[in-house]
Amino acid sequence: MRVGFIGLGRMGSAMAERILAAGHPLTVYNRTAARAEPLAALGATIARTPAEASRDAEAVVTMLADDAALDDVVFGDAGMLGALPRGAVHVGASTISAACAQRLAGAHTAAGQRYVSAPVFGRPEAARAGKLNVVLAGPDDALRAVEPLCSAIGQRTYRFGADPAAANIVKLGGNFLLGAMVEALSEAFTLARKSGIDVQAFSDLLTSSLFDAPAYHTYTRLLLAGGDAEPSFTAALGLKDVRLALAAAETAQVPMPIASVVRDAFVSALARGYGERDLTVLGRVAAENAGLG
Amino acid sequence: MRVGFIGLGRMGSAMAERILAAGHPLTVYNRTAARAEPLAALGATIARTPAEASRDAEAVVTMLADDAALDDVVFGDAGMLGALPRGAVHVGASTISAACAQRLAGAHTAAGQRYVSAPVFGRPEAARAGKLNVVLAGPDDALRAVEPLCSAIGQRTYRFGADPAAANIVKLGGNFLLGAMVEALSEAFTLARKSGIDVQAFSDLLTSSLFDAPAYHTYTRLLLAGGDAEPSFTAALGLKDVRLALAAAETAQVPMPIASVVRDAFVSALARGYGERDLTVLGRVAAENAGLG
Amino acid sequence: MRVGFIGLGRMGSAMAERILAAGHPLTVYNRTAARAEPLAALGATIARTPAEASRDAEAVVTMLADDAALDDVVFGDAGMLGALPRGAVHVGASTISAACAQRLAGAHTAAGQRYVSAPVFGRPEAARAGKLNVVLAGPDDALRAVEPLCSAIGQRTYRFGADPAAANIVKLGGNFLLGAMVEALSEAFTLARKSGIDVQAFSDLLTSSLFDAPAYHTYTRLLLAGGDAEPSFTAALGLKDVRLALAAAETAQVPMPIASVVRDAFVSALARGYGERDLTVLGRVAAENAGLG
Amino acid sequence: MRVGFIGLGRMGSAMAERILAAGHPLTVYNRTAARAEPLAALGATIARTPAEASRDAEAVVTMLADDAALDDVVFGDAGMLGALPRGAVHVGASTISAACAQRLAGAHTAAGQRYVSAPVFGRPEAARAGKLNVVLAGPDDALRAVEPLCSAIGQRTYRFGADPAAANIVKLGGNFLLGAMVEALSEAFTLARKSGIDVQAFSDLLTSSLFDAPAYHTYTRLLLAGGDAEPSFTAALGLKDVRLALAAAETAQVPMPIASVVRDAFVSALARGYGERDLTVLGRVAAENAGLG
């Protein structure tokens, strides 16, 4: 199918590569045009506006930083809304608010287009390997239409019904659980460290028994590396996601005290100048709060 | 080796069975004597006091509810301290405070005996199958001496040096991480439920990707069952453990805000009359706090 | 001076009465027109749109529920922005976000008008008695221009410089402190109640010694009345205000863990169906969390 | 009446002076004997042991740091228990746990003596001026017996029934409210400071309106002074008190999330080396958590 791709950050570029590799003709757009070049070298066409990336597409994937960026690409000048053909599908892969997903679904439906939410779990390494997990929700026919894209991008797709926002809430819930895990590990490791316990051995115990799961392997390794790893997911993005989870929870009237603690920890991380570090910098915040340098 | 075993609750009985099955002559003691009968049927000798269970032993394992119970068994009338032979090892498998472990180590050393901490990870099912993970710390020679016991009880032993209290802090840290996981899942599932999302599907996504770990499989299943499962680990015990973790953290001067949230949730569970339910009753507390019946 | 007044809820009506009583010609607007009648009986002119209330005014006071209501009144059809004379002052008394205040200030300045933030402390009883405390910020000349209004409304005015948003943050900070006080008292009273202590005597001790302050007198009385008082400030508004405080804090990169706890308590109050009760219903939430009916 | 006084820290010395000034013959004991000299100069007799201070007394007041110190003085060698005459009253003024108060009451009753709890509110300045507020609970006859002492020490006495522990819980509840106030103010002032607001003006607004209470005047002044004031109540003592409040709340099965936040803040203060500073050092902790130096 003819595909457009908008938003070529680390995750977006890797996903676009997978779509190209699966044989779909691809037109790409990125605000900073230079980021599109490597894909052009692989055969993608470069568009100068979101509209241009949408005009002939059967589906357009967006992978952007936040609600504002997505609103801009859809509703702004030379945006998707005026250009996407009737019946074509906007596949929203960004981690955005449930409210934004509902706004987009309404606008696309009113324009005779279709919208599905398709946020993904996985860091850029997983995206390059086609190992993402895709969370999908939207009208049945549209879900069927984008199946080839989902298989190009991910190893498995999980469906959550006809309301696109459901996929976004699932994604926010999952990211909340990751944030909670990182903060809990940060506290436990700090306790171990200040009690004279070998933290590496403690981590090995956890990840070879109770918590022998991909997320624990990845994040304990990053925590033990001291939060200085090349960030593939920054504290600033972590804050954004837990803020969106709390907003969805407020709408649904659900108190989430652990989410509040994680949010406070991220705010403190940003206040200390750690916003652009990997989110495991929460380990450093916990250590500093315990008087460690 | 000649072994004594004190404390025949669900965990203790299963562990004692494994020791018998490994061929060690075993003398058992339990305050409520009836609980010793099944082990007698398997060949164990029944002792009428902790002292009697200790008198001829090379090692005595204790698996009791809390610090107070252990203090009683060691320091009380007809207790272990006056009966355990010189050089014999007290193997403390209970989840107790670091302070209690230090007190025991001091007393046994002063009496010419030895003490190691050997708390275990795993629920009673795992204990019966010899699949526990043993966390071991104490003087080197004593650790070597009890190796046969550890292999009888567990599938793997993790060593944490010469200070017995280190093993207890590792155990408390691990249990804190379990409590944090259960509370975070409770919040995320409540958000999903009140947002109209299929919680079983959400759980399947989590446990087949990021969180494909034994603890997540076990506890998401129990949470989805509504907290009415036969408790193998009660909320009251959960509260005890997080209280001990916070006490160890206060000693080490480590703030643990997530542990505080988990503690508050357990206190609320007890206040609602859920103290003797499985600790996943935290899911019910989170649901009630969100207005669900 | 010729004054417009927009927003005639319980607070707004009381403030408008004071302005009339001080002898200023007053034109009033409220979305639900019936609420304007008592003021008409006192001599106010009724406007049919915000524009009509602004057209001849030297100053227009707005007292509305939230950012959205205010945006509507200023930027909407027949809104203030197109009607307020050059040099006239918009006096924003609503408890709104700092971001909204900045947006309004920008728009009015661009239109040759002036904007000051003037949120107030005090419940409706205080407003009727002219006993409000006014928090004022904005350009110096505009502050001087609205002095007569501030003295009509309040017993004292506190100035916070030229940036209108400063007054809004002070107001949000003050409301946060009230929410924190109510939640802390709710916890302390629940502890006393479940410990068999005479809560009225405990409250008397507090308010006749350490905490002999108006806010403690008012709110302990409401808490002891069980949260069933006629609400002059609802839990739903309490949630709105602490959400805005947390948003301002996130912008300023300040973690506020107590604000997070207060927010969670309000979310739980709304989830239990208590959104329209007086904010002291937090006492009921705390009691329920402790297993009291 | 013949009075003994044990524990001559800053609070104890000031209280003992008041008792002397009221004309009661006084025998004093302090572990570090030098602290007793100024009182000897005023006419007090110096005892070499707690027993000696108790032997001829009708009432003995204790003002010690914690449960352990009090247990030592009562149950230790040459302690009060073996020396206090039958019918004499132990007046426990220390801030101790409810459990400790119950233990003391039981032991004294068994020995034919009487025990009342009489913790006090007020800093050392207030003690010297006889302006403490006394919280009193115990058997009626004993309360009547110690009335002259209470009037010597305090400006007002509040009674809480026959169970001594009630007074201790009231004291812990009050200190919790002070801690909550200090932490909430720390967060609000940090928000103001990072938002470019004049914090002194903000504080003036609060203490001249809503929060015009002694505690707010005292603690805002100390907070604005930056936590470097001569400590009359240290962070380490603040931690002790909130820990005891949480223990009483756990016994009563009451979740206290704000108390948990305050506890975490104090633990962090100690971890940063601020344990011996005035408890308003929480303002510094909040500022550091927000990235301020």
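Each chain gets a letter, A, B, C and D, in the order it is written, and its residues are counted from 1.
Basically, contacts are C-beta pairs under 8 Å (C-beta built on N, C-alpha and C of every residue); 3 or more make two chains touch, one makes a residue touch a chain.
Note that the coordinates shown come from a computational prediction; the quantities given were computed from them, not determined experimentally.
Common neighbours of chain A and chain D under the contact rule above are B, C.
Chain centres computed from CA atoms place B at the largest separation from chain C.
For the interfaces B-C and C-D, the C-beta contact count is higher for C-D. Chain D has its Cα centroid 38 Å from the Cα centroid of chain C. Averaged C-alpha coordinates give centres for chain B and chain C that are 52 Å from one another.
Shown for chain D are the residues that touch two or more other chains, namely 249, 253-257, 261, 264-265, 268, 271, 289-291. Under the stated contact rule, the graph of chain-to-chain touches is complete, every pair of chains being in contact.
Those residues of chain A whose C-beta lies close enough to touch chain B in the complex are 98, 121, 133, 135, 156, 158-161, 163, 165-166, 169-170, 173-174, 176-178, 180-181, 183-185, 187-188, 190-192, 194-198, 201-202, 204-206, 208-216, 245, 248-249, 252-259, 261, 264-265, 289-291. Within the complex, the chain C residues that touch chain A are 239, 243, 249-250, 253-257, 260-261, 263-265, 267-268, 270-271.
Residues 257, 268, 271-273, 289-291 of chain D touch chain A in their complex.
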